[in-house]
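Here it is: the structure, laid out below.
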Amino acid sequence: MNALDYLQFVLAPQVVNGLALGVAVVLVALGLTIIFGLLDVINMSHGEFYAVGAYLALALGAAHIDFWLLIVLVPVLMLPLGMVTERLLIRPVFNTKDRHVTTLLVTFGLALIAEDVLKLIFGPNTQRPPTPIPGASEIFGIILPNYRLFLIAIGAVIVAGVAFVVYRTRLGAMVRAAAYDRNMAASLGVPVSLVYSGTFAFGVALAGLAGVLLAPIYSIFPTMGRDFILLAFTVVIVGGMGSIWGAVVAGLLLTQVQALASLVISPVWTDPIVFGTMVAFLVFRPQGLFGRLGHA
Amino acid sequence: MLDRLTLSMRASHVLAALLVVAALVLAVVGSAIGDTFYLRLATEALIFAGLALSVDLLLGYSGALSLGQALYFGIGAYTSALVLMKVPSFWLAMGAAAGMTFVCAIIGGLIANRVRGVYFALITFGLAQVVAKVVYNIRDLGASDGMIGIPVIDIGIGPFSVSAGNPVGFFLVVLVIIMALYAATAYLLDTPFGRVLTALKANEKRVPFLGYSVWRARMVCYLAAALIAGLSGALYPMLRGFVSPELMFFMTSGNAVISVILGGVGTLVGALYGSVFLVIIKSVIGSWTDHYLIIIGLLFMAGVLFMPKGLIGFVRPHVERMIAPRHLRETRAPEQDAPLKAEEVKP
Amino acid sequence: MSRPVLEVSDLSIAFGGLRAVDQVTFAAERHRITTVIGPNGAGKSTLFNMISGALKPLSGTVLIDGVDMTGAAPERLKGAGLSRSFQITNLFFELTVAENLRLAAQVLEPAKRALLPIRCSTRAQAKTQAMLERFELTHKRDELAGNLSHGDQRRLEIAVCLASEPKILLLDEPTQGMSHQDTADTAKLVRSLTQDVSVLLIEHDIGLVMELSDHVVVMHQGRKLAEGPPAAVRADPQVQAAYFGHA
Amino acid sequence: MKIRGYKVVLAAALAATALSGPAFAADPIKVGVVTPSTGTFAPIGQQVRWALELAAKEINAAGGIMGRPVTLIVEDEETTPAAAVQKAEKLFQVDNVDFLTGTVNSGATLAVGQLAERNKKLATTSVSFADSITADKCSPNVFRVNARAGQQSAALAAWLLKQKPKAKIYYLGPDYEMGRSTVAAFKANAEKLGAQSVGEVFAPNDSKDYTQFFGQIRAARPEVMYISVAGNDTARLLTQMQDFGLLNSLQVVGASGTITSANMGALGAAANGFATGAGYSPQIDTPENKKFVADFRAAYKVDPDLYGADSYGTLYAYKAAVEKAGSTDTDKVRAALEGLTWNTPQGPKTIRAGDHQAMQPMYVVRINNGKFDIIDKVSAEDAIGPDTCTRF
């Protein structure tokens, strides 16, 4: 294979496809990092919320609700779910000393249940909603399905929207203040408890949105929540807890590393590479690329 | 003079003794009616109780949640399996498993002990995932199929010999080993070193100012826990005659964590009871629904939220009251977490 | 007179370009109370943290008993004979009073007993008992440290520091938040400590400082402003301006 | 699970009464079923259970085995060998079953087989297709009623090279032992018949995105692509290939487990044209099969798949062997099973005595809008390959 062929057929598609996967990972990691950054809660059930979003989209889609409406409807439906989860499971143990471990365990239990409930309702088989935007486009000889192009675009819009809310609005300022020091925030009149459950619900809604958007590409099955979770946690740690730009940069970077590394070594070793990156960051730069929310 | 921690430990011992009595009754009844299945199921429950014990040593005493303890269980199991296929010697297999686990735990410990809390949980999780995946791909280790054909061995104990294929005999051997691991752990925790571990969980930041190296304490604890897991794992192929990569998967680690939470964190004996309890509810609930994970998940969450000391938390205070000397009777038990101020909660 | 137990020279540290402690030099004599005073933000606690190993200094040296211990980890400093208390009570709240003390006294045991049962640690047991009696906590030995009154907790904190028989004891505002009576009792207690150890103190209560200290080091904006006997320091016009002026 | 087992008994008994079949006086023959109802392979376990229940109902309605009714006792394999062995031991020891089947996970089949040997009982699999089960890791107490990987690839390769002599083939398998050996087996078969291999890649199990391999595949310009991924992985791989327009120019072939009823729904049109070597298709045009498919549909509302058909046939093999042996004694049934020929929806099958592997005609099937159309057939003898079992 000559060099030009290699560039056109191997390298360039690898980078472009890695980008689409990167956007998917960023979408999943976004909610996780916000919850992690503000509440300091490792939400082990984040992947299951992603699955719930996908199944909601499937069920509503089967009831002939338009995909474009689902993009809005599913996250809205996820909000109360997140709110209730925070109230019932996170809040009661939030002020104990071991809350990091406790919240991790509680959400692990929730994940266990959620996965089985999904199987109970929807059965164990793999399902897939129709691709909302069919067809493929050719750009410089690289073929990319239109839906993936759309995904990259809407991913950018979502990230920009979230970043705008967190960094540029009064609401976001409250969130950041609460993340920095909740006592101080409370004394400044921030309704800390509402901000906490709101943020958790927001993170859950983002997971649901990721579910809606990614289901046409990655299919739907009860254990789908486990798929992205190690990668998403890695992105959160590498990017810095709660840092939105960190999640974006780390997500895109890590998937590129994975994509390009798999050209030269067996793809089986890409997991250890990703994991190794996580370890290296935890050891040498625990605050991540961009530092944690409210502290940067 | 008897202190609170020693008292709690003694109460645990009473409950452990109760477990041994129950086990002996099972052994007697089992051998009388010629049972095989329940004895071997109980043997398996005890083997996984060893894994849960190791999780509790880490979580309940040094405060480190491991989500990948099955890694060392698996290393012990694979080492034991490889040895047994070459030389069918119980003691050699146990020794090799201990050695191998120890070496691996030094490497794992150097990585995992760089971090704390949830990060420790994530690292141990990742470590086990990666190793399990590698084992899954190594043809010489049977890859995804695992390894079968591990012989039924005779275990020489002095002049006597017990076959691993004898349900009662092997049950008693495993009982002795697991209880010995329990006793060794309990002993360790009642030494000055063990008390440093307890201190670590209570207030890690204060420990170095008392003159103890936090890193060293955590490392020793990690190694001890890995050894317990490895030795328990080494028993598995003797019982079942095979090993498979699933032994290292997250579900194995997760089950151990569930056992510890249900039984009672930081009680040691709770890990043993929790493990037995989990086997029982799994087979009882599993007999009427495939969706037993929902119920186990609910029990688990209830345990985390409402029962910080699990099942043992209901029983042990009563035992303590029965065996306590007068000066300890009126004061509050150290079971409850002391209420904490907000600034200490903030990381 | 022998060499000072603690010698600090040119100790500095910076946080993000800001010199929190800037070339501070002083010494603490044996069996004396040396007090560091200064307005809030003068760098007293940072200085303490560097001496006790909680922070690594940027430059300068810390000698304990003539041995260079600059930047050593807290557990090594402990071995060298340094013990410290904290401004915010820092105990094992979930453990009993006796266990808090026993943990501290445990360092006195030879290393080989680390893996023998607790009851073999006779020296630590005896020390615990002695501390309970000396600090009048015997009747509370089985209480959880978290359930003690604030005054008792502060006292226990000092007892814990003392239980390891240090050469030098760093006390960070031992009377913080105490009632009038408790403060007076604590002052008496601190005075009595000098039989066994040297004390380096941070204290805000100027009256108490003047009454207790043998030697006072005044810090201001990260630098040492003055040092000397209490009376001399009090008379220093620079100190008057920088410190007592605000007080 | 016991209860579940009894439910089957009840259903069988009701069916027997309804058809005014014989009233059973004798003790039932107990058949243990360890098959996944949780875990990755749960959808396969579903087919196994249904098919066995159907067979049991039919056998009981027709008078049972030697006048004794058949009882199924079902346990969950949980898709892990450790759970499978524990459940199998319960069936052998507590329920005292005469015969055991249903394991799906190859590791579970091997481990349960060893347990059967130690308990002096018989076990069969109707699903696991790792060659080792009836080759280097064969056991005198283990039989395989379904076709193994080698049979499948032999049939598929024969058809493929007939269609496209000297085909340029690209291989994509899951990167673990099973995937690699399946690819290796097909590659050997195909190259022997003159195929050119233009590249191969192994993707990690549970890959989210296969697009990273598409560039290499395109650059190699293959005519045929052989895949041996399974379950969700197939759904992702093929739909992604479809999205990227790769399916238009490629003939995709693969292992028989690649597309099943479990992922067919997710695949949709992406599955069209996929060809595989399999021991079964619901389209087999025989009266036996038509009846089987109709009954299965009536009972469970879906078509039986490969696993269903093989599991259904398993119980009839056992029936035939017990009747031939006149006993449920392990040694006698083993002897009767060795060399046994019996009828199944797939046609007559014969168990080779040397390695306990069932020989059967192999079909090449192509998917056409959710149906497995039969496009070629290879005789049992041509597909089976040599007997490499040396233990008995």
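As written, the chain order gives the labels A, B, C and D, with residue 1 at the start of each chain.
The working rule: a residue touches a chain if its C-beta (ideal position, glycine included) is under 8 Å from a C-beta of that chain, and two chains touch if they have at least 3 such contacts.
For each chain, UniProt lists the protein as follows: A, B = Branched-chain amino acid ABC transporter permease; C = ABC transporter ATP-binding protein; D = Branched-chain amino acid ABC transporter substrate-binding protein.
What you see is a predicted model, and the numbers here were worked out from it, not measured in a lab.
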| item | value |
| --- | --- |
| Farthest-lying chain, centroid of Cα atoms versus that of chain A | C |
| Separation of mean Cα positions, chain B and chain A [Å, integer] | 34 |
| Centre-to-centre distance between chain D and chain A (centres being mean Cα positions), rounded to whole Å | 38 |
| Centre distance in Å when chain B and chain D are each reduced to the mean of their C-alpha atoms | 38 |
| Overlap residues in chain B, where contacts from two or more other chains coincide | 133, 137, 293, 337, 340, 343 |
| Two or more partner chains touched - positions in chain C | none |
| Shared-contact residues (touching 2 or more other chains) in chain A | 119, 268, 271 |
| Contacting chain pairs - touch in the sense defined above | A-B, A-D, B-C, B-D |
| Footprint of chain D on chain A - complex, ascending | 1, 5-6, 9-14, 17-18, 20-21, 24, 119, 124-128, 130-131, 136, 143-145, 147-148, 217-221, 223-224, 227-228, 259, 262, 266-268, 270-271 |
| Sites on chain B touched by chain A in the complex | 59, 63, 65, 111, 114-115, 117-119, 121-123, 125-127, 129-130, 133-134, 137, 254, 257, 261, 291, 293-294, 296-298, 300-301, 304-305, 337, 340, 342-347 |
| Chain B to chain C touching residues, read off their complex | 1, 3-6, 187-188, 190-193, 195-196, 198-199, 202-203, 205-206, 208-214, 327-328, 331-332, 334, 337-340, 343 |
| Touching residues on chain D, where the partner in the complex is chain B | 1-4, 37-38, 76, 80-82, 85-86, 89-90, 92-94, 106-107, 110-111, 113-115, 118, 130, 132, 137, 175-178, 204-205 |
| Touch list for chain A against partner chain B, complex | 40, 42, 89, 92-93, 95-102, 104-106, 108-113, 115-117, 119-120, 181-183, 230, 233, 237, 268, 271-272, 275, 278-279, 282-283, 286 |
